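We just call them A, B and C in the order they show up, numbering each chain from 1.
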Amino acid sequence: MPPKKIHRARELPLSQSPLLKVENLAFERDDSAVLENINLSLNRGEVLQIEGANGSGKTTLLRLLTTALQPSTGSILYKGEASSKCRYQYLSDMLYIGHQPAVKLTLTAEENLRWMINSAVKTNSLTIADALDGVGLSGYSDIPCYALSAGQHRRVALARLLISEAALWYLDEPFTAIDKQGVSFLEARLQERLNRGGAVVLTSHQDLTLNNLRKYSLSAPAGQAA
Amino acid sequence: MGHSINSGYSAWLKRDLLLAYRRRGEAASPLIFFVMVSTLIPLGLTPESSQLAEIAAGMIWVMALLATLLSVDGLFANDYQDGSLEQLLITPQLLPMPVLGKITAHWLTTGLPLTLASPLLGVMLSLPTSGYLPMLCSLALGTACLSLTGAVGAALTVSLRKGGLLLSLLVIPLYMPVIIFGTATISYAIDGLNWLPPLAILGALFAASVALCPLAAAGALRITSAN
Amino acid sequence: MSWQWFHRLGSPRWFYQTSTRWLPLLALIAAAILISGLVWGLAIAPADAKQGNSFRIIYIHVPASFLALAGYYIMAIAGAVGLIWKMKLSYMVMKSAAPIGAALTFIALVTGAIWGKPTWGTYWVWDARITSMLILLFLYLGVMALQYAYHSIDAASKAGAILALVGTVNIPIIYKSVDWWYTLHQPATIKFTSAPSMHIDMFLPLLVMIVGFYLFYAVALILHTRSEILRRERKTAWVRELIEPEAR
């Protein structure tokens, strides 16, 4: 009798398929198309900047990529496999920072970050204190977040980037509410992640100085369904 | 590699407990409501001990139900507003487990304090002595059912403004079996009958709720917060 | 092959066009059965020995109660079909079924109260069936309110479907609980005239009324769904054609 196969969460093999591939993605809401014919692919070391006017669906596209939203048609492939089939692997290899930094106001910066790291699967061994240092919040770890500004909230969220080892980073307007110093810090972080084999999808109006940057433009879908 | 499925549950349980602790005043309001409103009953009806004794069980249960109803609204509301719900939706762990963790935290901060405070109300409303233990048991199990079922309603209304009133409308019909068997447990004991059968049915309702409500709430969260 | 039929069934346009052809006939049959049932029950059937003529209201009360409960299950099934197969027409049927069911529940409650006054001397009795019917009304109102609260039609439909299904699971539990609760607190025995013990002369018109009510429900549901289709598909070509044929 062959030994019973033990099923574990498996690490998907390194394959030739791109890290992320999106095929014919479409999303409609209330009978009107928000996104149509989205095709893109992303390899390790690449960064995709999604551009478009307000309301063109940038945030919706990102949320579709994170599987928070379900597309009407099309598929998202992670390392060649449909995201619905390898949900755990895909989601644990992904970091998403949305429009809102998801910072709980009654917790301190340190507790918020600890909480955010707690839920992440792939992390490095950087301590929370060091991560907060890295984003310039070293004196603020014990202060409840209702006493911090919006920019400081965003920095708490961005501190996740220092600890995360996820391959895919999805960032929605990450440069909001941070100053010039913050912008260069963030760009350095992104470049470092790219150099070490990650990939980034972000929405932003900012002009970025990153290697392997590709832009993807979203235009409003043409007309209404007839 | 990776986390086992349990870490979704205890992580979110601990988080919600910590959050409730940070807002102790707010978290205590259902309890305060429970105790204060119960003083309205003698004021509105009669201070007559014997008359109060007849309605004590039912009144305590109704108050506990209303207090839970008031608080279940906040189960997902805060997370929805600051973007934490978005993060919850994309955890690698299966969604019902973190949701169950949050519901457990809600019960620990609402239902359990209500249960522990109920003997105080029993004294104030002249509950017969044989009713105290059944009251504690039925409230413990029953408020857990209320938290679970209420979570489904909260998930369905999370993205609505003024969803609180609508939540009550949705959830009260679902609460009725719980209150029927909860009060029956106490009345049986007061009448000298075996009060374990209605308690057992309450336990069955609890078992069914634990199995089904996290799934329903998770499904509802995916749908309603996506818009 | 059958999937083709199933998907065609899901097309709002197909539904609208087919119902335009068949609805008049269905309405005619429903009206004929209802009128004959009413005349038979209200005028021709013999008076009850104990209750006299006041029992005749069961010819409206009982069918309304049946349809109220059946209507909830129809609504929930429509919701389930919509969730599973993402069929928009199914969601439209679900949305249309809610107010019809709620109205029938209300009719059942009111006719029950009217029946109660001469029979037991009181308009309202907290017995198992009436109380369950009241809770059913609340469930209906909940599904309606939830759908109206959402601005997005997609979210409204899905949330309504989930709530309808949650209610479906709960209806037997609620009924059994209320039934048990009522027997627990057994006041003066008040029992509804149970159908089998009715004389055949009274029972037959009741059957006719039940059939008539089912047909009436179907007509009402189709009409309501048609207007929901027109509202939701108002931007499509075929609806515009219907509304303003001259403009094309």
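By definition in this document, a residue touches a chain if its C-beta (ideal position, glycine included) is under 8 Å from a C-beta of that chain, and two chains touch if they have at least 3 such contacts.
Predicted model, so just to flag it, every value in this text is computed and none were measured.
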| item | value |
| --- | --- |
| Centrality ranking, top chain (CA atoms only) | B |
| Chain at maximum distance from chain B, centres defined as averaged CA atoms | A |
| Separation of chain B from chain C, taking each centre as the mean of its C-alpha atoms, in whole Å | 32 |
| Distance between the centres, which are taken as Cα means, of chain B and chain A, whole angstrom | 36 |
| Cα-centroid distance, chain A relative to chain C, in whole angstrom | 48 |
| Residues of chain B engaged with two or more neighbouring chains | 226-227 |
| Chain A, residues touching no fewer than two other chains | 29 |
| Sequence positions of chain C contacting 2 or more other chains | 152, 154 |
| Chain A-facing residues of chain C, complex | 152-154, 232-233, 235-237 |
| Chain B-touching residues of chain C, taken from the complex the two chains share | 135, 138-139, 141-142, 145-146, 149-150, 152, 154-155, 158-159, 162-163, 166-167, 169-170, 173-174, 176-178, 180-181, 184 |
| Chain C contact footprint on chain B (complex, rising order) | 152, 156-157, 159-160, 163, 166, 169-170, 172-174, 176-177, 180-181, 184, 187, 205, 212, 216, 219-220, 223-224, 226-227 |
| In the complex, chain A residues that touch chain B | 8-9, 11, 29, 63, 66-70, 87-88, 91-92, 94, 96, 98-107, 111, 115-116, 118-119, 121, 144 |
| Touching residues on chain A, where the partner in the complex is chain C | 29-31, 224-226 |
